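Remarks on the structure that follows.
Order as written gives the chain letters A, B, C and D; numbering starts at 1 within each chain.
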Amino acid sequence: MIKVLFFAQLKELLQCSQLNVELATPCDIQTLKQHLINEHPDWEVHLNTNKVLSAVNQRMVDVNHSVKHGDEVAFFPPVTGG
Amino acid sequence: MIKVLFFAQLKELLQCSQLNVELATPCDIQTLKQHLINEHPDWEVHLNTNKVLSAVNQRMVDVNHSVKHGDEVAFFPPVTGG
Amino acid sequence: MTQIHINVQTSDFDIAQEYASLRENNTQDGAIVFFSGLVREMNQGHGVTGLFLEHYPGMTEKSLQDIAQQASERWPLTHIRIIHRVGQLQVSDQIVFVATSSSHREAAFASCHFIMDYLKNKAPFWKKETREQGDEWVDALEKDQIALDKWQPKA
Amino acid sequence: MTQIHINVQTSDFDIAQEYASLRENNTQDGAIVFFSGLVREMNQGHGVTGLFLEHYPGMTEKSLQDIAQQASERWPLTHIRIIHRVGQLQVSDQIVFVATSSSHREAAFASCHFIMDYLKNKAPFWKKETREQGDEWVDALEKDQIALDKWQPKA
């Protein structure tokens, strides 16, 4: 199982802050995104954009980063703190 | 009359913090220095060095800067504040 | 060995207390640099009456720790303190505080600036502004990304 | 229009009070940068137990005003505060304080750093250290002069 989190405007657009995904792992972030889009076709416009950043186990990664069972994956917009 | 001030180690080396000079003015800083050295030959080693900075009327200037009657001229070592 | 303190909190902070902590039993540092970020009334051309800060608990602390660690490897620092607030803030409120101390001012200035530039780009905080026309998420600015260029090794 | 405050004083200063002055009625600034310089126990390789600061009264204030003026022309700043102490100081004492505030952090960081670099080279202060072997005037360092290079217009 993979725990998937969404933050900020992405969370609001998807109307979802967290869900669990069962996937043949290891896969990569892009595959996980595609899986989410297959389940929720209206998410494509929000997820399939280079404006969405990804983290695996609380570290930022790129879309080729691999994901395995037990990982925590997060998707969010560019950060605006400070 | 020109008011001449010395600061920090230069003041200690010359054992002088202030003196007044009557000079045919306008002249320049280098001429004023030479006048002081003529009056105090042991000051030459301390005054005729590029380690000594000059100010006229409380603004840093170079040795070609002109000096006139009523000016306040200061000589001091490189500054070390902050 | 740099002493690193990181705090992510809803409550306000007292810069005098932070400054006192940096100076306590500290006879080796000649230079302390501080940055403090405040909620502005005008941002990117529109009026703001409040600011909500969302973050990613867990990752936030890790990312700030990681940025502080990088700074401590790059400059000889005695202390690094980072405080970032989350939750609902008002105009003029303090948002973020970064302080670095070192024997020398160049290290203190550069490291404090470096930490802020990285925090702006790498730490998972998101600002939602309360505007007259309603609440809006703040857009990330390209200039904040460009600000990182100065910290890249020269070719 | 930048508000400039300059103080040359024998007494200590309270950075919390300075910070409060910068924040007072200030809803436009997003960034405050502070520098504070302290008396170190070790300097240029020898132990120090005290520090005497001589200055050139009159010129000191003018030169700080002039440096602040240059900074205010170069960056969009709301406030500049400079405090420099003179007279007899002890280890860990505060020597100098520079704060700048602006809408944006790049201006606040750069201007505070600029003011310190120019103060180090242009303001008529001289330090005499109390060392175990007796009192000695501090030598100016070449690196402080080199620090000005970064503020020259690029060729």
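The working rule: contacts are C-beta pairs under 8 Å (C-beta built on N, C-alpha and C of every residue); 3 or more make two chains touch, one makes a residue touch a chain.
Since the structure is predicted, the reported quantities are computational estimates derived from the model, not experimental observations.
The set of chains in contact with chain A as well as chain D comprises C. Common neighbours of chain A and chain C under the contact rule above are absent. When chain centres are defined as mean Cα coordinates, A lies farthest from chain D. With centres defined as mean CA coordinates, chain C is found 48 Å away from chain B.
Distance from the chain A centre to the chain B centre is 72 Å, each centre being the mean of its Cα atoms. Taking each chain's centre as the mean of its C-alpha atoms, chain C lies 22 Å from chain D. As a whole-number value, the distance joining the C-alpha centres of chain B and chain D reads 26 Å. Residue positions of chain A with contacts to 2 or more other chains are 82.
Taken residue by residue, chain C touches two or more other chains at 37, 105, 116, whereas all remaining positions touch fewer.
Across the interface of their complex, chain A is touched by residues 37, 53-56, 58-59, 62-63, 84, 95-96, 116, 119-128, 137-140 of chain C.
Remark: chain B residues 5, 7-9, 55, 58-60, 74, 76-82 touch chain D in the complex. Across the interface of their complex, chain C is touched by residues 14-16, 19, 23, 26-43, 91-92, 103, 105-106, 108-109, 112-113, 116, 147 of chain D.
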